[in-house]
Every structure is written in C-alpha cells, then in structure tokens.
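All remarks here apply to the structure that follows.
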Amino acid sequence: MLVILHADCTEAQSTAVEAAIRALGFTPLPVPGRSRTAICITGNRGPVDASTFATLPGVLECIPVTKPWKLVGREVAPESTVVRIGPVGHAVEIGGDRPAVLIAGPCSVETEARTLAIARAVQSAGARMFRAGAFKPRTSPYEFQGLGDEALRTLAQVRRETGLPVVSEIIDAAAIESMVECVDVLQVGARNMQNFVLLKALAQQPRPVLLKRGPAATLTEWLMAAEYLLAGGKRDVLLCERGIRSFSDHSRNTLDLNVVPLVKRLSHLPILVDPSHGVGVRDRVRPMSRAALASGAHGLLIEAHLDPRTSYTDAAQTIDIATLAGIARDAEVIAQLEATDLVEARQPSPAQGTRSLP
Amino acid sequence: MLVILHADCTEAQSTAVEAAIRALGFTPLPVPGRSRTAICITGNRGPVDASTFATLPGVLECIPVTKPWKLVGREVAPESTVVRIGPVGHAVEIGGDRPAVLIAGPCSVETEARTLAIARAVQSAGARMFRAGAFKPRTSPYEFQGLGDEALRTLAQVRRETGLPVVSEIIDAAAIESMVECVDVLQVGARNMQNFVLLKALAQQPRPVLLKRGPAATLTEWLMAAEYLLAGGKRDVLLCERGIRSFSDHSRNTLDLNVVPLVKRLSHLPILVDPSHGVGVRDRVRPMSRAALASGAHGLLIEAHLDPRTSYTDAAQTIDIATLAGIARDAEVIAQLEATDLVEARQPSPAQGTRSLP
Amino acid sequence: MLVILHADCTEAQSTAVEAAIRALGFTPLPVPGRSRTAICITGNRGPVDASTFATLPGVLECIPVTKPWKLVGREVAPESTVVRIGPVGHAVEIGGDRPAVLIAGPCSVETEARTLAIARAVQSAGARMFRAGAFKPRTSPYEFQGLGDEALRTLAQVRRETGLPVVSEIIDAAAIESMVECVDVLQVGARNMQNFVLLKALAQQPRPVLLKRGPAATLTEWLMAAEYLLAGGKRDVLLCERGIRSFSDHSRNTLDLNVVPLVKRLSHLPILVDPSHGVGVRDRVRPMSRAALASGAHGLLIEAHLDPRTSYTDAAQTIDIATLAGIARDAEVIAQLEATDLVEARQPSPAQGTRSLP
Amino acid sequence: MLVILHADCTEAQSTAVEAAIRALGFTPLPVPGRSRTAICITGNRGPVDASTFATLPGVLECIPVTKPWKLVGREVAPESTVVRIGPVGHAVEIGGDRPAVLIAGPCSVETEARTLAIARAVQSAGARMFRAGAFKPRTSPYEFQGLGDEALRTLAQVRRETGLPVVSEIIDAAAIESMVECVDVLQVGARNMQNFVLLKALAQQPRPVLLKRGPAATLTEWLMAAEYLLAGGKRDVLLCERGIRSFSDHSRNTLDLNVVPLVKRLSHLPILVDPSHGVGVRDRVRPMSRAALASGAHGLLIEAHLDPRTSYTDAAQTIDIATLAGIARDAEVIAQLEATDLVEARQPSPAQGTRSLP
C-alpha cells in the first residue's frame, strides 16, 4: 500500500499518518519524489485496508502495490532514478535518459604503475568510470585473492590522477570504512547478491551501490535484494546483469539481455550490463556490448587491459584498449536509435490507479 | 579430414581421390567453394592418416577437421554462405555481409483476406519476407492445429500478390511436396530440431531450410542437426536462435544472443533470431530485436499482425505494424555499426593450416 | 468438464449426451473405467456450463477438470492404469501397485548372436523385459544409426526364444507396421517427445507406447504429449523420466526423480525411470536405480551388456550383468517399504467432488 | 602434489620437507590420516616437479593431485571422514559406513515451549539431531528474519533438555562466538556457499560446519567452497545437497540426487540431503527422503513440525511427526541394501599411484 500525500500536507499530518501505520503493526517508509510525497506501508503479509488511511488529513489517495518489491518498483516511485557519481558539478550520471556510460578497467588492481596506465588508456578510449577489484572472491582458496588494502590506495590514486570515479567490489562489511574512503561505488558481486548481512550494512554507508545479479537469481529475487538496500535507506543503487547459469555451455554464462527492458519497466533503478562475465570470451565482448546497449542498458561494465594476456585474472575475457574504443564508437551509433515510449506508456500513473503489471 | 584439390585437378583425379576414401570405409563429401575444391572425409571415428591422401595426384594438401561438424563449419567451408530466396534476379539474400532481413507475419495463417492484408502491411513496414504457420505443433491436442492445406493455398496467393517470399513450418515429411509448391523456405521448428527423419527428407527437396534451435540444444547439437541437412546435400540452410529453457521465468524463453557471434565464427551459415518466441512478450520484442541486430544477426523472424489481440495464436508476443516499422528503422541505424573483422580474423586460412578454434 | 453417467445409463442416453456435446462445437471423449462411465468434453477454450449437461437423462453429475490435460489425469480417470505387455496369461504388468519391473538390454541391437546372449543374461539377472534400439537417433549424421530392419528381425527372435517382451524406439511413423510385428512396446525417445505427427500415428496402432520425457520438457508439456496419445485412442501408455538439461555438468543429464511422486499423484499412467541416460556414467547407475525405485517408480529401463566396453553405442553408461543382478536384489529390498497413501489420500473421489489439486 | 612421508619420518624431517615446499613459494598443508602422514602442496598454478621432494629424507613418495580441490578429495585423504557431533561418548556420528542420521526440526526457532515440544516429538520419531533457524536469510526484507539471540538461547535449552545436538544456520561471522556457545553444528546456507569471508572465519572456530550446495553451484564449485574450510584448518565438514535451479517448475528446486554417489567417490566428506528445500512440497518429502537414502546419503535434514500449517516459515514443505516417523522406518528398510564397493573399488590406493578419476 502506498499512501500519497497532498502537495500541501503538513509535517504534523505526515507524522500522524506514519503513527497510524505503526499503530497497526506495520512499518512506514517515506518515499521521496519530485512530483509527490508518499509513504509506503511495509511489513504487512496481506492486503491492507485503504479506508484506514484514505480519510486521514493530508492524504490524497491510497494505492495498492501489487509487487513483492516496494521501493524498487515504479508503482511506488514512477520517476527514473539517475545515480550521480563523483564530485558535484562533474558527476557521472547513470540512468533515466542519460547516455550510456562505459565503465572499464582490469579485473584486478595490479601494480600502481600498470593500473594507472590502464586507467589513462581506458579514459582516452571513452570510459567515464574505472573498475578494478581489490578483494577478489575466487572459486579456489589457492588462487590470487586480490591485493587488498594496497589496491585500495592504488584506486584512490587513480581517482586523484585521472578524475575517473572508481567502482570496486566489496566482500566484507568490515571493509566498508576503508572502501568508502577510496572508491566511489561499492559493488556487490554475483556470489553475494543474497548476502543480506552485507546488503544491510551497505544501506548505511554513503556511496552508491552496484548490485550484480546472482547466477541463479530470478528477476524477483534480484529486485528483492535491491529492496534490502532501499529499505535500509540507500537510494542510489545500480543494477547489473552479468549472465546466468543455464545448460548452454558455449559461453561462460548466458547473458540474459531479456531482463534489460523488463527491469526498465518494472523498476526506476538504472540497469547496467557486464558483457565480460556474461560471455567470458574476449572476442565476443564487443558484439554483446553492442547488443546490451541496443537492448537499452544504461551502461556497460567491461574488463579491459593494456595487455589482456598478462592480466592477473580473467585474462580470457579481458579486451584490449582498441576494442574498448570501438565499443565507445558503437555506443554513439546506437544512441541514435529513436527513444521509444516503452517505459512511459506502461508507467503507472498514480492518478489513474491501474496497477496490474504482467 | 579435408582433402584440398589443386585448382587444375582433373575430374579423373578427383574421382580417384573419392575412390581411395571409400576404399578405407569412409564416405567422401565434395565441398563446393568459390576459391577451392575440396573433399571432406566423413564416417571416421578417429583421426585419419593424412599421408594416405596427401600424395595422390591432384591433391594440394590435407587439413584435419577438429570439430564434430564438418560441412557446417568454416574449417571446411571458410566462405560465408549467402542464401538466395525467391525468383532469380529478385531474390532476397541472407547471410555474409548482406543487410539484415526482416521476416514478419502472423503466427498462423488466418483467413485469406486477413492474411493478405497482414502481408501487405508487413511489406510496407519493411519486411522482405512473409512468415505464417499452416501446420502448428501445439502443446495441447485440443488446441488449434493450423489450417493445413487451405493455409498453403493462402500462402501461395500471398506470394503471388505481394511478391514476398514465404517461410512456413513443416512438421511432417509427407507434406514436403505440397509445401515445396507453395512456400519458399521450409522451417524446422524448435521441437523438431532433432527429428532426424524429417531432416534427412528435407535434405532431398529443393527449397532452403530454416532450422530453429531446440530449447535444450547446445550449440554443438544444433550445428550437428544442420550437418544432417548438409550431409544430405542441402546447401542453403538458415539457422535461427529462438530462446532456450533456463530457470529464468521472467520471459517465455531465454533468448541466447550470446550464440550469434559464435555461430558466425564457427559456421558459414546465416544466423537469424526470432525475438517473438525468444521473449514471448509483445513490448519486449522491439528492444530484443535491436539487441539481436546489434549482436550481428543476419535477419529477424517476427510475429506481427494488423490486430495482435485477435491473432489466432501467440497473441501475447505478436507486435503491431507500427512497431514492426520501428524495427525496420532500428535496423537502418544499427547497420551503421562499423564492420569488425571478428570473423575474418579467426577465419582459418587453409594455406596457414592453423585449425585450433577455441 | 467430465460428464459422469449413471451406472444404469442406456446406450441411447450416452449417445444423446455425446450429441449434445457435439452440438456445442466440442468433442466428446468416452473415458472407460471399472467403477464408472464418463465422457470428457474437449475442445473448449474456457469453462463449460455444467447445467447444459447435468440435467440430461442418464447423467449422474458434471465435474470441472482443472488441469490442461484431461484423459491423462486422475481427475478424469482416478484408477491407476496397469499396462499389460506380452501374451495374455503371461503378460508383464506395469503400474498401480504391481512390483517394479526391470527392463534391460544393450543400447543398440547388435549381431543376432550377441543380442540373444545378452537377452538371456539380463533375463537370468532378473529383467522381465528386453530393450534394444533398432533405429538410433544420433546427434551426428556420421555415427552408427542402428541396424534397422535387420535389428527388428533379431528382436522378434529374442522374443521368440526368451519369451521376454521387447521395447524398442520408433523414430518414423513409416516404420510402425514392421515394428508392431516385431516388438511389444514402441518407445518415443526424448528428442521426439513433441513430434506430434508421430504421436498421432502411434495412437492408431495396437501396441503400448513408452513416452520418454524430453530434456527440456516441463511436467505439463510431458503430460500433454501423453494426452496426444490418449486423445487419439491409445490407453496403455508408459511414461519414462530420463534426465533433464540443467547447468549441472557432473552427469550427462540431471535425473529429475522429483517428478516421480508427482506424476503418480497427477496421472494414472505408470511412470518408469531410465537411470542410464539419466546420469550417463556406469558406476552411478546402480545407486540411482535404487533412488528411482525408492522414489516410487513402477520400473526401470536400463542399458546392460555382457561386455559393456564393446557396446556399439553408449558404452560409458552401460552396466554389466552382475550389476543388473544387484539392482534386482535392490528392488526386492526396496519393495519392503511400506505402502503410503500418498496417491490415495489425494486421489479425487468423484462423489466428493473436490477437484482442486495443487 | 601430495608428499607421502615414511611411517617412521621424524618431526625434523617433516619440518624440513615443509621448509623445502615454502622455499619454492608454495604452501604446505599437513594432511592427517590413520594409515599415513602426508603433506599437500598448495598455491602452485601448474604441475610441481616431484623430483624436488621425492629424495628428501623421510619422504616415501610423491603423488600428483589431478583435481582442483586438494584436502577435500580422496586423492589426498582416501579414508572416509566420520564427523562426530555432541558430547564424547554420546556423539552422533555421520559419514563413512555409519547408519544414515535423521536431523529434523522446524524451519525457524519458534517460542521456547513450541520449540521444545517439537524437539521432543522429532526425537521420539527417530531424529538424532535437531535443526531450527535463529537467523533466517529471507528473499524479502519485510519478512520474518528469525528470533536471533533469543532463538539461540532456546536452542541451548533444547540441547540441554533433550540431549539432541543442534544445527543452525549462521549468516554473519560476527555471530560465531554466540553460536559456538549454543549450537553444535554451524550451517552455511545455499545463498552463502561462496561467501568466502564467512567460510574463512568458520574455519577458525571449533564446531563442525554443514555446507549446503548453492542453487547454481557446480559440483566443483561446491567442493572448492568446502576446500576453503579445510584449507583454513577445519576438518569436520558436512556437505548437504538441497536442490538446484533448473527450468523444471514442478518443484521448488530440482533435488540433484545424482550428485550423491559422485560426491562419495570424489570426496571423503559426509554427504547429506535436504529433501524439504529440495522439492518444497510437503507430500513429496517422504518419497524423496527414501530416494536420497537409497542413493547413499549419510543423513537427511528435514523440516518437521507438530503442526506444520502454523509453522512460522516454510509451512508448505514442513512435514508432520507421523511422516517423520515413517521416514525413520524407511531408513531401516533401506539400510538393508547390500554395501557396494562403489567407493572402495575407485578409491585411489596411494601405493598403486593411479590417479586418473573420470
């Protein structure tokens, strides 16, 4: 249930609505919006009776929410979220109708010199953000686990010297403080998508969070994982499709681009695609990058390197700088595709009150 | 093993090579080519000793074939196959570097009047071929199974009146004769991909064959099914990805676009994509059509209708004519993407003799 | 809708009910039963109004059918089907509460001498039916495709000399006549599960049909394929689970035993399990045979050979005779498990009229 | 590489071998064993030269390890691990040839009174350990997340009053200390199988760990997750299959029993099965429990309740006490199955030195 407040609702009225919600054993979650103020009722296990709230002072109307997710969905927050990353005034913007953003870099942070050189190269190739892992979740305990804190310092320097905002994976809530200091976006990897302890902790820190889809996650499970972040107070969340597990063994994963237009319709959050993990083979990263952009992705997360063969990790799927530059040119062509009203046409208009999305 | 013949190899020499192959219990399959003549050795269960053939008169060299498929692969036939459909001089060409072709029409053939009206509409929207089912393989025996022979006559009339070549599904070898008369391309549906009896029969008839990927077929199984057609003598075969089965339940199938660039590298056959069955929901057909084209597909097979809601079958995934026209405009934008040397760079050069494809 | 007739309903009344059904554009399908006579209404696309039929002379009651399948389900035919195979008086019985039946033999029919020797060996090891393929659907056109008609003659001789009923796969409706002559059960392989042309033809011949589940078939699709057989008039149909496609790559297929108890509840047809294809590795066939029997399967279809390593096909998953004898002993132990009322408790009692199965 | 030491190898010699391993940049991991002492070399990225170590004093022989896992596999530790849980003298033993152990209880810890009553009931029905969740990882942030520390106190009381050892899920390394105090086995849930931070922390605490297979985890990934535990020093690890994600939608998950016999051959660790999550529907838990036991599982983890319908969570898959008692009787029947030499026949004998497992 979403309680929409009058434009001129007073703070006292709003507080009274929240109190009424709590009085019934539910939890009120205020939903910020440009064009309206609303309070989402959570914690209920079945339908809530609208009449309880509809007549309270300051309440415009009550709208049932038909999806298991609340704050993540367009029912509750119809306006597309644009996540702003980096210094105010020079922020990179992702989401809504902004041009697709390329985020590129090596799989792992390497030596400072190599990492800086790669960062400068991906920047000149067209990347607007830098990616590299300091803490690597590896299938084997005997494999390289990342350079850790030393890598964080390198990332901070990349940011300082290039001005590129940096995204890096977090695998342990204990590292939040040091990561917040050194990187701009905290990434939750596919294996941790349902590490709810980590998600709850990340909701409390100041950086945007990039949430990868788990390899066996349904769309609902993925959006519900994002809901953990939003329910905890974090508003700037980026979703990222990176391939699912299927029987199909010709690629490392099965990049599920089918999810992109649907996420855009169901959720206001930006949706990125990681074609590197999605297909896992270098020479298919560019065609799948094109496909991802054409499907409507708000950006790409790509593993790129000056010398892919000597990449510390994931060498097989890491592309070179020339290929990255080609993808940047592809993005410009694909940006010419006419805007469709896919989202808008479906976007629930609160005034009309029709909520039944397929 | 592929035996490459000298450019000036005589017919007697060629016949002698084939006899030598047969003498060892194998089967020779001549491989036509613009730039070279070759004979593929099939029926062996392990490596063949090249020295047996390399010294025969007329033989240039012997190249091992490392894949389970032979005639379908670029190892044996490096040049891309362009399938020509319809009357000579006005044929629609699919494959190689030809522009992507839109094939559209209703799921099922409907009344003659409706079908003709739809055909004219998809033609003016940009479709260059017409699709519609006369024989429908349905999950339930109680559902509409297609109008059958009456539908074939309607298709023949569509072709006559619009000039559009027609593709339609065949589900029974007994229908080959009547279908050959009325349609231009015989489609093998996903459920019949490994109906080898049907494939063997289709290899013997004159029309090109469109072979859909089965919902649980690996890439190898799909290419091997195509190999049945080529081994039987059919050269003009079109592959079509239409979605696989995965746990992911947000779309009817999981359209596996990852396969498109790989098929283009491994095989010389054209690769189409069917976004209608691939996602199964009308309003995601256009974004996935864009993605399919951007991934490099040689064409699209789309269910379109003047009034999608009244479509006899598959109404939920059938788009209207305006959307189809939009996809035609999309195709023009995407055609501006620079050609990459993805295929060429990997294409095995017989002279170099390196065959190891990943 | 299922129209239940009075025990003393006359033939004229029954004919009148069928006529009334046809008059509304539907198709009546008589449902034989020990304890009641009924007519199933098919061809409807939505609910049928019960009042139309409930008041006709001879009609006891009308029961809505809530599943897409009709004749296959326990709603329409609550009593378990027992399929009788072979000569009257000495028939092997499969289904209901009969002891589980072992069906064993080589993947392919081999020479007459080898095949006979294997048949005698599996018989003395405890198999009550023989299995071997005459026509082999192979992934590659270059692989052994079975000995064909010669193999059928060998199977007829196995039956003559051992008395074992024989099951063998049919891949082409054109072979029905010769197969009916030589074998006792016609098997539809996983690849042909939705070859509806073949299913319709098989419904018209006199032998029982064993229908394997396709590797990507949902339970509903499988039962609907069986419905094609029953709707065409065939009553003695055996279902056989043989593994599905999943991401899990440690076995050839993922044997989905979870389906066994559910099939037993939803359908009256016997359910067999093929552990050989299900796991694809010889030394796991016995543990999975045990598991299949314990899950409640009515029988097993096993690839066994006197000398598995020299098996013409599927050598890796073919067990030896000693292992087969072990499985027969396992079956006796597992038969001691107490009967549970799983099916009975859920089995819809027509008199109670509650039809809602989960 | 596994360095096998002489039976009379001195501690000084052993220390020297470890030093030699470290000198080459690798990590030595001592492998305890009843019949031999060995040191496993980890940290290498390719084959290690055996000659370096084979001639050191005290070394019997060097054996290459062909699998990505080391300590988890039978190559390194051929003897089956038996995990002992609870007080010495009265410990429950799981693994090897011990009889299968039933572990049962409610999904979540409920009130103290209800939880105790359930514990007594499952005990009298035949369960030898108790299971119940204090911390529940839930798909939705708005769902019941478990009673937390209060639940731990209840579990401690269950243990005190019934003598049943207790297993409960841990989702946060921060809870290790309190959980170690109150429960006997710490469970890692499917969602956290690759939460390597948690695994590393669990390797350092004194309790046995039960590691569930992730829903998209290959067998290799699962064994590698267990390797994190063993590499960190934990020896008593229980594996638990609980169903994987597949397209098959008739059960909550697809219980992959095929993995049971293979795990028993590849690893010395005990393998349990959780049929409750595996199928997700109450009335199929008993048949799948039977199947799991017959496939060779060392035990079952079952959700059982005095009044399943009022279970706080997972009511649909929770069985009643009578059904649990039936499963205990089933286990006695299935225990009569003859022991097969499946494992032993394959078990690599270090003396023979053949290591090639399929």
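We call the chains A, B, C and D, going by the order they appear; numbering starts again at 1 in every chain.
The definition used in the following text is that a contact is a pair of C-beta atoms (placed from the backbone, for glycine too) under 8 Å apart; a residue touches a chain by one contact, two chains touch by 3 or more.
Since the structure is predicted, the reported quantities are computational estimates derived from the model, not experimental observations.
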Self-contact between copies subunit A and subunit B, residue sets same or different by half: same
Most widely separated chain from subunit B, with each centre as the mean of CA atoms: D
Which of A-D and C-D has more C-beta contact pairs: C-D
Cα-centroid distance, subunit A relative to subunit C, in whole angstrom: 49
Subunit A and subunit D, separation of their C-alpha mean positions in angstrom: 35
Contacts with two or more other chains, residues of subunit C listed in rising order: 216, 220, 244-247, 249
Subunit D partner contacts - residues on subunit B that touch it in the complex: 245-247, 249
Touching residues (chain side subunit B, partner subunit A) in the complex: 216, 218-220, 244-251, 254-262, 265, 278-279, 281, 283-284, 286-288, 290-296, 326, 329-330, 333-334, 336-338, 340, 342, 345-346, 358
Interface residues, subunit C side, partner subunit B - complex: 27, 42-44, 68, 70, 137-142, 171-172, 191-192, 194-197, 214-216, 220-221, 224, 227-228, 231-232, 244-245
